[in-house]
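Presented sequentially are two complexes of chain A, the first with chain B as partner and the second with chain C.
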Partner chain A sequence: MEKIKKLILDTVKDAVIEEKQILTVTVSWDKLHLLAKTLKDNAELPFDFLVMLTGVDRGETLGVNYLISSSTDISVEVILKTDAADRENPLIYTVTDLYETAHLNEREAFALLGIRFINNPDMRRFFLNSDWTGFPLRKDYDPNPELNPVSIESKEIIDITPRIMEVDGKLVEDTANIFEADDYIINIGPQHPSTHGVMHFRTALDGEIIKKIDVHSGYIHRGIEKLSENLTYPQILHFTDRLDYLSANINRHGLCMCVEKAGEIEVPERAQYIRVIMDELQRISSHLLAWAAMTNDLGATTAFIYGMREREHILEIFDKTCGGRLIINQNVIGGVMFDIYNEFQQDVKAFIPYMREKLKEYDRFFSHNVIALGRMIGIGNMTKEETISYAVTGPAGRASGWSCDIRKHQPYSIYGQVDFKEVIRTEGDSYARYLNRLDEIEESLHIIEQLIDNIPAGEICAKTKAIIKLPVGEFYQRIETAKGEFGVFIESRGEKQPWRLKFRSPSMALVSIMPLICKDEKLSDFIGIGGSMDYVIPDIDR
Partner chain B sequence: MELKNVKIKGIANEDFNDNEYLEDYIKQIEASGVNLVFGKLDELINWGRSNSLWPLIYATSCCGIEFMATAAAHNDFSRFGYEVTRNSPRQADMMIVCGTLVHKMAPLIKRVYDQMAEPKYVVVMGACAISGGPFINSYHVVPGIDTIIPVDVYVPGCPPRPESLLYGLMQLQRKVKLEKFLGNKQR
Partner chain C sequence: MILNYSQPLELDGVSKALDTSLSALPDFWRILIECVLVGVVILTTYAVIALILIYAERKITAFFQARYGPNRVGKWGLLQSVADTIKILLKEIIRINNVDRFLFFAAPFFMVCASVMTFGAIAFGKGLLAVDFNIGVLYVTAVSSLGIIGVLLAGWSSNNKYSMIGAMRSGAQFVSYELSAGFALMTIVVLTGTMQFSEMIEKQQYCWNIFNGHISSMIAFVIYIISGHAETNRGPFDLPEAESELTAGYHTEYSGIQFGFYYLAEYLNMFIIAGIATTVFLGGYMPIQVHGWEGFNQVMNYIPSYVWFFSKTGVLIFLSLWVRWSFPRLRIDQLLALEWKYLLPINLVNIVVMVILVLTGLTLTDLFPSLF
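This part shows the complex of A and B:
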């Protein structure tokens, strides 16, 4: 870390370095790009993984926090902070030339906070309609519904983007076309069963070959981050379940851990065990649904029914524990809400051999099917470099040879004590992603097996104050969900509500790489690739 | 016609709650008079229609997964004739709206609804679609789908269990069985 600090000070002399939970570096807005570039090009420990890009309204100014990490060791973290000089016309240099994942994140910051990024080739609003009045995440946003009434009139989609470029040291505002004039464009989505939610892909075709994809999102943008700013911490918890609802419990675990870390709340060991067992069950159910949906996308409807059938067994265990099936409301700050029921261990132990049996069955009837193989092997290839630049984590990232499992690299809860293998493949195609998921189910079963008989007795929830106030500061927490790395950022000003809450969505990275890996593939394979990526749209839109 | 004569497969008549709406509907039909011959023909057609309602899935978020669970093994709503989920509005009899509706989506749901052929029905599933649910205070959420399109059946829950959705769909079957298109003299 000393070397990194020296490197930062050599690059930008007036950088302010603070030793907090994570090394935090504050620089002026015109120096940020230089610093990020130096850190990325650092040969010894390249900071080439942009984990989170968070726009923040700091009151006086508008700023951006970048949480960067290294692909070689994702437990190393540095936060870069910068503020725009002018609140009326906030400008910051883009980092899209360094990190591809910044494209959608910067567009999100523009839509929600009005920060414009110089040299970003596409500065349309993400999530919101282009005629939206105001920037919702600013503290002075006017929520009057008359300013933004609900309209049922269909609008023409305009494929022209405004942008602000630096040419010979001067800032020039101009526009650019997304598509060429004679492109043949079809809309896939927003309401299409194989987009796994309400995603809108504007696709330019050359015959049946995909030329270019333009991603539109926001068809399920519920403004969770803004809503959270007016709610207390325990009240926010249920929103995480409704982000990536397939990893509901894991997301909620992440937010609970972030609050517990900030508030220095000790979680009883019994609760830790219950949390991890539930997380792994949830991961299996998510992978089963992903498997089922992918086979359905490839045309195997029977396989879809099989996957859902096995999933019901897990949902039954959830149902008996807490009464919920999909969204289980199990984690609370300080522990879990419900203790396990008497036959819990028995049920889970019965499920493990059953699931192993079924995994063999899946392997037998689908994983080597000639038609399925033809639609998966060599389709949707992504290299390790692309994966890192687009910040694609989870089974998809590990299918391209990138070791990015947070459970291994930054063990949280009791993951340090259990033995499991990080499933890594290097092919980077749809088939590698498909197999990764099935292998991860096996690893999850292995984790549960180790824990299920050793659940210690004791409390299930720590005593917390009725009103939880976090100390002033910025808190980050990263956690491994079924889709990849989920992140929570809380900026607290000592109140019972957060000043700013941001979730890092693993699905956003998965969607952002779709235009790249679908290029020059057939249109029908687009559906299969989407299935292999397994994104959940409400997680992106928040 | 009386409500207790409307038979739905798989559930006893006494098990239905909240019958006022349908009873009012029967009174309304009877007040305008029913032709005997065409009325019987209606019953035959409705028997067919109510047992083959093909849904258009309008799944935006979490409830869509519970809808899938209802459709798949274990719950299997094809037992009641909902088997063929359609992805084209022109082939669907009813729309199941599962999930939150936001500003950006509002024009699209109206358009899809307009594209469906008559007679068409709308079932809303989950608190978000009914009223905005936990997100009602948001700047970008429409407080209820009934502000945009007419709704036949509301299925509460967050998300509703498959059993609730099945109950809601059976309520819709009852409504379909009562309708008079040919026999109603005012038509």
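This part shows the complex of A and C:
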């Protein structure tokens, strides 16, 4: 870390370095790109993984926080902070050329905070319409519905993007066309059976071959981050379930941990065990659904129903524990809401051998089917470099040979005490992602097996104050969900509500790489690749 | 002959009785009445078979997928397809803006007409054959390929990009697999030396064609089943619809009974393919007969011929459903590669092999005349 500090100070002399929970560096807006580039090119420990890009309204100024990490060791973290000089016309240099994942994140920051990024080739608003009045996450935003009336008119989609480029040291505002004039464009989504939610891909086709994809999102954007700013921490919890609903419990675990870390709340060990077992069950259920949905995307309806059949057993266990099936409301700040029921261990132990048997059946039924192999092997290739640049984590990232499991690298809760293998493949195609998920189910079963008989007795929830106030500061928490790395950022100003809350959505990274890996593939394969990436749209449209 | 007494359940007596009772009328009226009767019977059978097939498919699919299938309307859901038919008849036909109205409305009829016309040429049992063409095989091949016009028109006139892609896929697929299906049938024509269905069936009394031409026939049978699947847009070959890619492909914009026509035709095409395969390869309505086993032959003969036909067809349909619900979907280039790079060359060689088998007397009937 000393070396990194020295490197930072050598690059930008007036950088302010603070030793907090994570090393925090504040630089002026015009130096940020240089610093990020230097850190990324650092041969010893390249900071080439942009974990989170968070736009913040700091009151006086508008700023951006970058949480960067290294692909070689994702537990190393540095926060870069910068503020735009002018609140009326906030400008910051883009880092899209360094981290591709910044592209959609910067567009999100533009839509929600109005910060424009110089040299970003596409500065349309993400989530919001181009004619939206005001920037919702600014503190002086006027939520009056008359300013943004609900339109029932269908609007033509305009494929022209504004942008602001630096040419010979001068800033030039111009526009660019997304598609060529005579492209044959079809809309895959927003209502489409295989986009796994309300996602819209504008796709330019050359016959059956995909030329270009333009991602539109925001059809179910609910403004969860904005809503959270007016709610207390326990009230925010349920929002996490509405992000990636398939990893609802894991998301919630992440937010709880972030609040617990900030509020220094000790979680009883029994609660930790229950949380981890539930997380792993949730992970299995999510992977089962991903497997099922992928086979359905490839046209095998029977396999889809087999996946649902096995998932039902997990939902049954959830149901008996706390009454919920998809969204289980189990985690609360300080522990869990419901204790396990009497036959819980028995049910889970019965499920483990059953699931193993079914995994073998899946293997026989689908994994070696000639047609299935033809539809998966060598399709949707991503290299390790692309994966890191687009910050694609989770089973998809690990299928390209990138070791990015937070449970291994930054063990949280009791993951440090259990033995499990990080499933890594290097092929980077749909088939590797497919197999990774099935193998991760096996690893999750292995984790549950180790814990299920050793759940300690004791409290299930720590005593917390009636009103939870977090100390002033910025708090980050990263957690491994079924789709990849989920992150929580809370900026607290000592209130009972957060000043700014941001969720890092793993699905956004998965979708952002789709245009790259689907280029020059067939239309059918686009659907198959989508299935192998396994994104969930509400996770993007926060 | 004994046969007449041993087959009390056959229906050919009915048609003969009809013939004799109408023989008093002048030719014109006789033919007219017969045509109308045959037409009514064929259309009714068509509809009834569709109902049964839809129910059967749903139940069999449920069996494969560990579900119950329809079980609410009537005992075991037996009336489900009747209820569905009534529903689809009552549904509104949505008027769609910016379609080519004439072609849009005409397209489903092409589909249904083609399938009814093919259906009419199938021999369901002894005497249950509407027209016994001497070029039956050629007729079936020709007429069944008319259906593609309906698909292409639907895709084109819908003015919808998904429909268009679906229709184009369908066109490529249909043209390709029509070749294979035709060649596979030709192989058997070489073997039997006739294109007439009734004659073809009679020749299979003791030895089905699939055994008679052994290697060559087996290959032709497999190819015919594969390309038949592809022609009906089912199984792993349902790319034109590909609900997970193109929502519903060429019939995305259709509603109510217009959609019903496509649905109906799809099911019947499955039946027709199985029916033709039965007729050409599996001895059609002929019961299982063995030379010299007179008692056994009598018992088999006692089962009416249409039961034999429908059972054999049923087995093939079950096979087709099994395939459909087990395999994922092919991609268009894989589909075409399968046809042009594998099936077609194999087929061409296979015909030559069959010609050699027939000319050199290596078919089973030639080798063991006493057995077959």
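Here is the rule we go by: the second predicted complex is superposed on the first by the 542 of 542 C-alpha atoms of A that agree within 3 Å, B and C clash if a C-alpha of one lies under 4 Å from a C-alpha of the other, contacts with A are read in each partner's own complex, and residues count from 1 in each chain.
Keep in mind that, in the parts below, a residue touches a chain if its C-beta (ideal position, glycine included) is under 8 Å from a C-beta of that chain, and two chains touch if they have at least 3 such contacts.
Here the structure is a predicted model, which is why all the values come from computation and not from measurement.
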{"item": "Which superposed partner A:Phe486 touches (first chain B, second chain C, both, neither)", "value": "neither"}
{"item": "Larger contact residue set on chain A - chain B or chain C", "value": "B"}
{"item": "Chain B versus chain C as contact partner of A:Tyr273, first or second or both or neither", "value": "neither"}
{"item": "Partner chain in contact with A:Glu208 - chain B first, chain C second, else both or neither", "value": "second"}
{"item": "First (chain B), second (chain C), both or neither touched by A:His192", "value": "both"}
{"item": "Which superposed partner A:Ile527 touches (first chain B, second chain C, both, neither)", "value": "second"}
{"item": "Contacts of A:Thr302 with chain B and chain C, given as first, second, both or neither", "value": "second"}
{"item": "Chain B versus chain C as contact partner of A:Ser151, first or second or both or neither", "value": "first"}
{"item": "Which superposed partner A:Ile371 touches (first chain B, second chain C, both, neither)", "value": "second"}
{"item": "Chain B versus chain C as contact partner of A:Trp291, first or second or both or neither", "value": "neither"}
{"item": "Interface residues of chain A shared between complexes with chain B and chain C", "value": "192-193, 305-306, 309"}
{"item": "Of all residues in chain A, those that touch chain C in their complex", "value": "184, 186, 192-194, 205, 208, 295-303, 305-306, 309, 365-366, 369, 371-372, 374-375, 522-525, 527"}
{"item": "Partner chain A, residues of chain B touching it in the complex", "value": "57-62, 64-66, 68-69, 72-74, 87, 99-100, 102-108, 110-112, 134-135, 137-142, 147-148, 158-159, 161"}
{"item": "Sites on chain A touched by chain B in the complex", "value": "127-129, 136, 141, 143, 145, 148, 150-155, 190-193, 197-198, 218-224, 226-227, 230, 238-239, 242, 245-246, 289, 292, 304-306, 308-309, 311-312, 315, 325-327, 537-538"}
{"item": "Interface residues, chain C side, partner chain A - complex", "value": "64-67, 161-162, 165, 169, 236, 238-239, 242-245, 247, 325-334"}
